[in-house]
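There are two complexes below, and they share chain A, which is joined by chain B in the first and by chain C in the second.
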Partner chain A sequence: MKRLLEHDLIQDFFNAPAAVVSFLVLFAVLFVALFAPWLVDQNPFDPLQLDLMDSQLPPMWLADGDSRYVLGTDEQGRGVLAALFYGARLSLLVGLASVALSLVLGIGVGLVAGYFRGWADQLITSLADLQLTIPGLLVALMLAGVIKTQLPVEIAETVMIYVVILAIGFSDWPKYARVTRASVMIESQEDYVLAARAMGASPWLILWRHILPNIMRSNIVIATVGLGVAIMLEATLSFLGAGVPTSTPSLGTLIRSGANFLFSGEWWVVVFPGCMLILTVFSINILGDWLRDALNPKLD
Partner chain B sequence: MINKILARLIQSVFVLLATGLVAFAIFSFTPDPVDNLAGEYATIEDRAALRAELGYDRPFLIQYGEYMIKFVQGDLGKSLRTNELVSQLISERAPATLELVLVSTIITLSLGIWLGIFTGINRRGKRTQLILSTSLLGVSIPTFLMGLLAIYYGSVQFGWLPASGRKVVETWLWDSSLISLDGWRSIIMPAATLSLFNVGLFIRLVRADVLEIRTMDYIKFARARGFSEQRINHNHVLPNAVMPVITVAALNIGTMIAFSLITEAVFQWPGMGLMFLQAISFSDFPIMSAYFLLVATIFVVLNLLADILLSVLDPRIRRGES
Partner chain C sequence: MLVIKDLTVAFDSRRGRLMAVRGVNLNLERGEILGVVGESGAGKSTVGAAVMGLLEQGGSVQGGQIIFEGENLLEKNTDQMRAIRGRRIGMIFQDPMTALNPVKTVADQLTETIGHALSLGAKAARVEALNWLRKMDIPKADERMDHYPHEFSGGQRQRIVIALALCGKPDLVIADEPTTALDVSVQAQILKLIKKLVEETHIGIIIITHNMGVIAELTDRVAIMRHGELVEEGPTQAILQHPQTPYAQMLIASVPQSDRRLMRLQVPDNNGVIQAPINYTPPDKAKAEEDALFKLHKLNVIYHPGGSLFAKGKAVHALQDASFSITKGKALGLVGESGSGKSTCARGIIGLIPISSGVVEFDGHKLSAMSERQRRPVRADMQMIFQDPYSSLNKRMKILDIIAEPIRFYGIATNRSEVEDRAVSLLKRVGLPADALNRYPHQFSGGQRQRIAVARTLASKPKMIICDEPTSALDVSVQAHVLNLLKDLQDEYNLTLLFISHDLPVVRQMCDDIAVLKDGKIVEIGDAAAIFDSPKHPYTQHLIHLMPHMKGRR
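Right after this comes the complex of A and B.
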């Protein structure tokens, strides 16, 4: 049965050209992110490798372009191409880590709420409601504001990335918790759960071995969309100056620094990271759309 | 139904109290402003006096309780930086944000519902495919990037619209940018930017509703009775498809108020969001907490209103069925 499903899913995949293309795009983004140090000569995070003499160079194919910097440089002499590759690292890292956090947290409490019901359920549902009234963006901004004044600069810069991951991850768990809770409530009435219970299996074993595999589908679909949103949120925070520090620029930080020069016509510091960002999130969303349709037999 | 609304009301109060606690807890971590305010030559006694005057020497819960009571009374304290009343600052800044959100909501609802119904009724076809892919692209572009693109093309390259700022005409109620051409020219790009993500969201939401409703038995029966597709769509599909949109729209206004700070930052739009961002860079604690709690309150109230509205409009909920 499982093999059959995978088979169907893979067949489906190859029948959807948009899904194949976006998968390839994401694979490429992942590739440049993982192998950035081997693909570009300059490490844009290392101040010693930046040369102010090379600042604000246009892309290679324009007049004044320099063949060492294919996509031009920013105002600190950072190659845009190198910064793109290293920035993709940060964006993917923050995105994946925060989604993993909210996925684990949400599924965990959702399982407990849906299976045991009672006071645990009420507590978790109220906490989810509370969390939903506080936008993650605001929490992250305020935490950034507090940390900046509370901690010394070096420590603040290193913890910021974790703060961003935590803020995004914590703001998204109620989605997973709600879906998980609803599915667990349905699944725990199914025969296979009743049978396992009759055989004397412990609740944790039932949740882990029997119910969890059956509720992963809808969570995976939400997680795909959530990854796109998390990457956009990280970029937004960095753009507002509350994300990762400027010494280790993510795509959002690059765009922030480039925005100052947009009016004087130096478009490349904004446009290339912007395209990278849109392309990544767009591909994730196309894949998410396809997954939702493919995993949901109710439609069509 | 009254009981249900009352229960929701009590729940909302608890949510607000908890949010207030979160806000207050976070801000009690901010550094003691007394050192800055007292100046270099203040003695320890001066500092203690100032601390007592500001109320920083009392227990946490008392300060929290007092803060919440004052918040309800509309007393939000004074800005640590400029010493102005925060309530004054917010009432000056609120019209800019609210007008921006109003125009964005109108754009979102009209475009979102219209295109959502269109793509739901015409399930396949070139135009539907085009609208759907565009809406997916729309939800894939971060707001700040869209704003920058709008500025680059709309202002720098072609010079159609102003890149930043807000043009207003003073009225006896508030300074509005909705009653002059210049005002509209200044609001159109920020409002379009703010609504982009939501238009995409609403198209998909309304479309999903329409698609689901069209599989319902009452639609099949209407079709079996020989009603025209137009009549079915108009009398049976649309009223039911718009219902869930009301809840989402209400919640979305709250989200828009919070997320408008991104648009405000890009376009230097002088609203509450820009005030909040500036307050963060100056660690201006009363403004930050007031804004945070205000946005949460708006969220909770809109949520509550949406629930009440839905239970009044939907006969199933009104009669107590689930």
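Right after this comes the complex of A and C.
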């Protein structure tokens, strides 16, 4: 523990107030997302727990406010606070899963392209270029359309979240693949890789044991920023109605349904999820920026 | 002309304050060449940077004076210093590849500096620039001055860098490792040029270097630095022949000599005492085993660079018909300048690059005819040590994992405690403590890292080790330790060495036989002593003639 505290990265962290604040915010978001069922009484995803009698209540500190619903309710009698916690859960899940997907995919093909070069490299870089010409948003919208029209409603609703994860994950892999490919090309000229080759190690062993740990730094930095982008992308998809279904709302879905009430005076339905989204993504980006500088050996 | 009094420079970092230079006093007269020598971390470059007012970020002068022609440079502000830099004090940098701006022509860079420093118009500055290039012996200077830096060779580029430093007609020039990145023959030219310039223009030069040969060839006086302090200072010949302080004695003793071979290089023992040199005694000819462990027959390596889908690059014949053999327990030195194919040869032998034709025979196996799978068990017997100990160890792996990898890979030991025991004994053998196992490479110095690399190559109990410039990234005293270690190990395990180096004295110290490579061809091969004493091929004669000597030390 003492050694951990003395580590450069940790030292650096405590010297960057912006990073500490963003970390605390993110930690709070993660906390409410993880422990949502224990923090609020109502499960906003369970229709049986919603009471239409309680619909469109303002936050508790306003006139007509109800102390059971701290931040008010939406048109279905769903507590905004509860929806926020459960929504953060979904947003983070989609964000993390899709980043993990593109990270694994991107690093995998990047390693192969950068180490073996040749036709594999040409194929992979061409695919990456092709992928970059198709906006992720478009792919997701298309997939969502197909699934919604072709599958029964119940199945469509349960698979939508995976579709969103796949759509975002697939649209982002070229970024990691390119960075990985470039770093692998540099690392494979290093003497430690030559030493492993001189030992007779197989390419897979070299990639896994030697090169992979040395290229993770830059990927982790991009992944942090990528997480913010992925959460935003999910929110956008859900806002456009191509994301997770309204019965299990994410932050984007909440903003979508709340936006309808913006002009009729029920501002709380859209403002709180909006703030939550901004705060989360902003913190992730600040943290990503800090991480990029802290892990940059040239700025030591 | 230049008086440095009690100079103290500190660097602040997040690990606290480091005193890079402590109370250094130096003098330089016009027409004099002063050498500042020391090992890495001695603070020699910092002294030069302080005089130029170009300390790296975090560095600050804490005390003392730098008096240049009666004026204290430390009291100047940035504008005044900028006026002095270039016009009155010039600087020559180490790396000619990065010291020139790659997107501007040589003429542009020179005329800009000349116009700025001498307040000349564009035409006059161009004439002046041409004069400088001629003075620097750049062939066809009038045609070539409008070329870009990458169109010149390394040696020509360094001459352009020198022209750039001198064209403002400064009174003082600071040269930081001006020949370190160059081959011996180019180095010899540059040193000659600097000497000529000092005689002609009567400027003062401070040469910062770690190379004792350069110091001996070039300087009038020398200052030896260690840990930021001045250890000894005086006329070069006097110091080289009769160093007074123990550190200077050690530093000079640990430089390998081209004219003799010692059993071991002189290094201080644990008590800091330097042993008297023991001259090398060649083993009994009759006793020597005559069977060659390693044979190379007409090895060819041809590169096909830039091979893409649409264009085939021009083939480069990097190695032509290289043939030699090494007797068991002996060392063969492969020498040559950069681009001569030394490393290509090593990499071709060990199978890092494909060979085009030829036979590699090792310990009864025809390596060149074996598939990778067939070859794997044989690989344990032939290992390689790389030049740069900073990149040859994976920085994300613990020392234990680095050394354990070949032990596990070749199945020498499998269970955890056996592997660990073997790793500890290997570390002890190369002179490192057992607690090094749980640390990472960055926690060790260059010399210690090279020891770790040696331990790794020994892990598979090899019969032959290929050493590719194993000490050229190291300081002389560290180099002496590593070379001695290699010799000890060679004696102990009867190792066969293929020793690749551009440093002739190092090869003399380490090798029984020598092969001289030039442009991919072996031009001379034979007994080391014979080649050094009476080289036959003109190229070998040329190389040996040009190598900087520490004169008068016998």
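Basically, the second predicted complex is superposed on the first by the 292 of 300 C-alpha atoms of A that agree within 3 Å, B and C clash if a C-alpha of one lies under 4 Å from a C-alpha of the other, contacts with A are read in each partner's own complex, and residues count from 1 in each chain.
Just so we're on the same page, a residue touches a chain if its C-beta (ideal position, glycine included) is under 8 Å from a C-beta of that chain, and two chains touch if they have at least 3 such contacts.
In this text the structure is predicted, and so the values were computed from the model without any measurement.
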After lining both complexes up on chain A, report clash or fit for chain B versus chain C. fit
C-alpha centroid angle, chain C to chain B via chain A, nearest 10°: 90
Go through the superposed model and pick first if A:210 touches only chain B, second if only chain C, both, or neither. second
Is A:133 touching anything from chain B or chain C once the two structures are fitted on A? First, second, both or neither. first
Name the chain, either chain B or chain C, that contacts more residues of chain A. B
With both complexes superposed on chain A, which partner does A:262 reach: first (chain B), second (chain C), both or neither? first
On the A-aligned overlay, A:278 touches which partner chain: chain B = first, chain C = second, or both, or neither? first
Touching A:149, do we find chain B (first), chain C (second), both, or neither? first
Going by the contact rule set out at the top, does A:201 touch chain B (first), chain C (second), both, or neither? second
Minimum distance between Cα atoms of chain B and chain C in the superposition (Å): 6
Do any residues of chain A touch both chain B and chain C, and if so, which are they? none
Within the complex, which stretch of chain C touches chain A? 14, 309, 347, 350-352, 372, 375-376, 379, 383-384, 386-388, 391-397, 405-406, 409, 453, 456, 460
Residues of chain A that touch chain B when the two form their complex: 126, 129-130, 133-135, 137-138, 141-146, 148-150, 228, 232, 235-236, 239-242, 252, 255, 259, 262-263, 265, 267, 270, 274, 277-278, 281-282, 284-286, 289, 299
Across the complex, what residues on chain B touch chain A? 11, 14-15, 18-19, 22, 26-27, 29-31, 136-137, 139-145, 148-149, 151-152, 156, 163, 211, 255, 258-259, 261-262, 265-266, 276-277, 279-281, 283, 288, 292, 295-296, 299-300, 303
Any idea which chain A residues touch chain C in the complex? 8, 11, 122, 190-192, 194-201, 209-210, 213-214
